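There are two complexes below, and they share subunit A, which is joined by subunit B in the first and by subunit C in the second.
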Partner chain A sequence: MGIESAAQAAAPLRDALREFLTAMADDELLLGHRDSEWTGHAPILEEDIAFSNLAQDEMGHALTWYTLAAARELGAPDPDRAAFFRNAGEFRNATLVELPKGDWAFTIVRRYLFDASEQVRYAALAESAYRPIADAVAKLRREETYHLLHSRGWVQRLGDATEESHHRMQAALDVAWPHALGLFEPTEGESTLVAADIKPPENTLREQWLAQVKPILEAATLVVPDAAQMAGGGRSGQHTQHLADLLNEMQKVARMEPEATW
Partner chain B sequence: MSQLTVEHIWSALEDVKDPEIPVVSLVEMGIVRDVWLEDDRAVVTITPTFVGCPALIPMREEITARILQLGVSTVDVRTSLNPPWTTEWISESARAKLRSFGLAPPPHHTGTFDIALIEAAICPNCGATDTVLDSLFGATLCRSMYYCNACQQSFEQFKPL
Partner chain C sequence: MSDTQWPVYEVFHQSKRGEPHIHVGSVHAPDPDMALMLARDQFARRLECVSLWVVRADHITATSYEDVEVWFQPATDKSYREAAGFRMADMIRKLEAERGH
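Entry: the complex of A and B
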């Protein structure tokens, strides 16, 4: 039986839903911000445009999730407050998306690992018993198709293109991998959501993701690191210093004039 | 006021063009999903093409301004994601207008689309099929970039969605 709205969600579900929706929103917002750092700086014009598009898409997706979390019964702040007036410890993103933009190889590897995670996550959430999530995912996953085609194509090309590209891609994968596993760190109250058929366990999603990314990475001649070494903590607000630095820049203007209307 | 019907509103909305593709209306694009009228209040439901599309803001403003001209006292523009917008909702008339605007209309699909479908673009300028995908992303969220080997021009295609 489906849950049509936040008002219909039983009280114990509400906190768990807020945490989960906030985690998805924070992932999108921060990766979108990192994407936007390539605007004007990408190695070729097409990719400058691509990353500007990706940033814009992810802002839209973040807004979608923040809006659902801000339903009165769930109690998250409105989207602008959530983005610009929370401190690092209140963010629920995986640490993968807060890491600095790095070189082009890191940008592509992070994007690919994230895009593949969204593909499996959204496919599962299309069946969510929480109707607002299922509706949103039906929309967002079509857009995400383009993101995955884009990043996967680059992984396939750069993995074994030249000695240098291979070396850089492998180095990027070694850095990104433990943080990418952190995408599948459960949010607080996950068991409540799983019991209500709102989402599958993160473990299940991680296995599906591994089954997708391993063959692609290996075909690109990359060595896939150990699946046991997760860099977690993000889902409970424990972040690297990079998040505070990112927020300092991203939130600075909004915080100068908190009551301004944009 | 008593004469005003939802048909009048639908017809007025034909005047509101897509801010990024000014040759087609929001109705032809399938963006306007529902219109109803209650006393002197109009409620319009729209659905975004791409969720992050910045044109949504001017669309709302232009819809509101156009309907207010009909004499209603308030206009409420709502956004719905369900069912999700698809390029299959773009009307045949709009597809022809896109082509004459120099933008290849999106290939038809049945719900899923893959790289093969996206790569097979027809040049809107010369009609050739000897084209190559340059980039999945373009000047707006809804476009990809191509090159036509026949007329040796770059062109854009509306992304199938």
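Entry: the complex of A and C
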């Protein structure tokens, strides 16, 4: 039987749902923020606009997940407070999305690894027994499918375009890979969610993701690093210094005047 | 300075099935598939859209502005050939009146 709303969820399930929804929201928010850093700086005008679009899409997705987490019974702060008034240790994002934007190769590689993970994750969540998640995913999947087309298209082209592009893409993959594996670090209370058919185990998603990204990366002549080297910690609030730096910039204006309305 | 840009693709946008594809602008792209994706982001995100075409600009054969007179400007008055000479609206109204509309 499905769970129609947070009110129907038992207490341990509520905590696990809040953790999981917050993790998804934080991933989207921070990647969206990193993407937005290209606005005005992307290597070509068309990609400048495309990345600004992606950033807006991710902000929208973040809002969706923050809103679900802020259901009264789940008890997360409302979306604005979640984004602008939590400290680094309260964020549940994978470290992948907090790393600085780097060069264009890193930006593309990170996006591709993330977009592929979203595709796998959303496909599974479309079957979620928690109705609000299944309903939200039905809408978000369309945009994520396009995101994946876009980033995969660039991986396929840049992987073996020139010696320099290949070299940069490989270097980017080597840096991003362990952090991308961290996308599949379970959130606290995962077993409760799995038992309630709300989501499959992260391990399952990780295997599906590996099966999808490996052939694409290899076809782009890139060497896929070891799947055992995960840079985790993000899902329990352990982050790199980059997150604190990012939050300092992203939250500065909101914190200057906390009671301001926008 | 040499041009380091990718080729230009002209973008045609269709808002509804059966409507014509209308030229809306152009994008730089390395190949047709990427041109479609970039065109989607530049031109189809806010407009209603069911189909996009992209065509490499240098694959279009066009007349030259220098030849405007030769191609498009009649030497003598042929206004008698223009459809504006017909008073269609009046005719239609008259026919409708006869049929009792």
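Assume the second predicted complex is superposed on the first by the 262 of 262 C-alpha atoms of A that agree within 3 Å, B and C clash if a C-alpha of one lies under 4 Å from a C-alpha of the other, contacts with A are read in each partner's own complex, and residues count from 1 in each chain.
In the analysis below, a contact is a pair of C-beta atoms (placed from the backbone, for glycine too) under 8 Å apart; a residue touches a chain by one contact, two chains touch by 3 or more.
Note that this is a predicted model, so its numbers are computed, not measured.
Report clash or fit for the pair subunit B and subunit C bound to subunit A in the combined superposed model.
After superposition on subunit A, subunit B vs subunit C: clash.
If you stack the two complexes on chain A, which partner ends up touching A:Thr64: first (subunit B), second (subunit C), both, or neither?
Only subunit B; A:Thr64 stays clear of subunit C.
A:Asn53 contacts which: subunit B (first), subunit C (second), both, neither?
both
Which holds for A:Ala176: it touches subunit B only (first), subunit C only (second), both, or neither?
Touch status of A:Ala176: no partner.
Go through the superposed model and pick first if A:Leu205 touches only subunit B, second if only subunit C, both, or neither.
neither
Would you check which partner chain A:Leu149 touches, where first means subunit B only, second means subunit C only, and both and neither mean what they say?
After superposing on A, A:Leu149 lies in contact with both subunit B and subunit C.
Counting touched residues of subunit A, say whether subunit B or subunit C comes out ahead.
If we count touched residues of subunit A for both partners, the winner is B.
Just checking: does A:Ala136 make contact with subunit B only, subunit C only, both, or neither of them? Give me first, second, both or neither.
first
Tell me which partner A:Arg157 touches in the superposition: subunit B (first), subunit C (second), both or neither.
The second partner, subunit C, only.
State which residues of subunit A lie in both footprints, the one left by subunit B and the one left by subunit C.
46-47, 49-50, 53, 146, 149-150
Quick one: which bits of subunit C touch subunit A in the complex? Just the residue numbers, please.
Interface residues on subunit C, with respect to subunit A: 6, 27-31, 33-34, 37-38, 40-42, 45.
Can you check the complex and tell me which residues of subunit A touch subunit C?
For subunit A paired with subunit C, touching residues are 44-47, 49-50, 53, 146, 149-150, 153, 157.
Subunit B touches which residues of subunit A in the complex?
Counting only subunit A, the residues touching subunit B are 46-47, 49-50, 52-54, 56-61, 63-64, 135-136, 138-140, 142-143, 145-146, 149-150.
Touching residues of subunit B toward subunit A in the complex: what are they?
For this pair, the touching residues of subunit B are 48, 50-54, 81-86, 113, 115, 118, 134-139, 141, 145, 159, 161.
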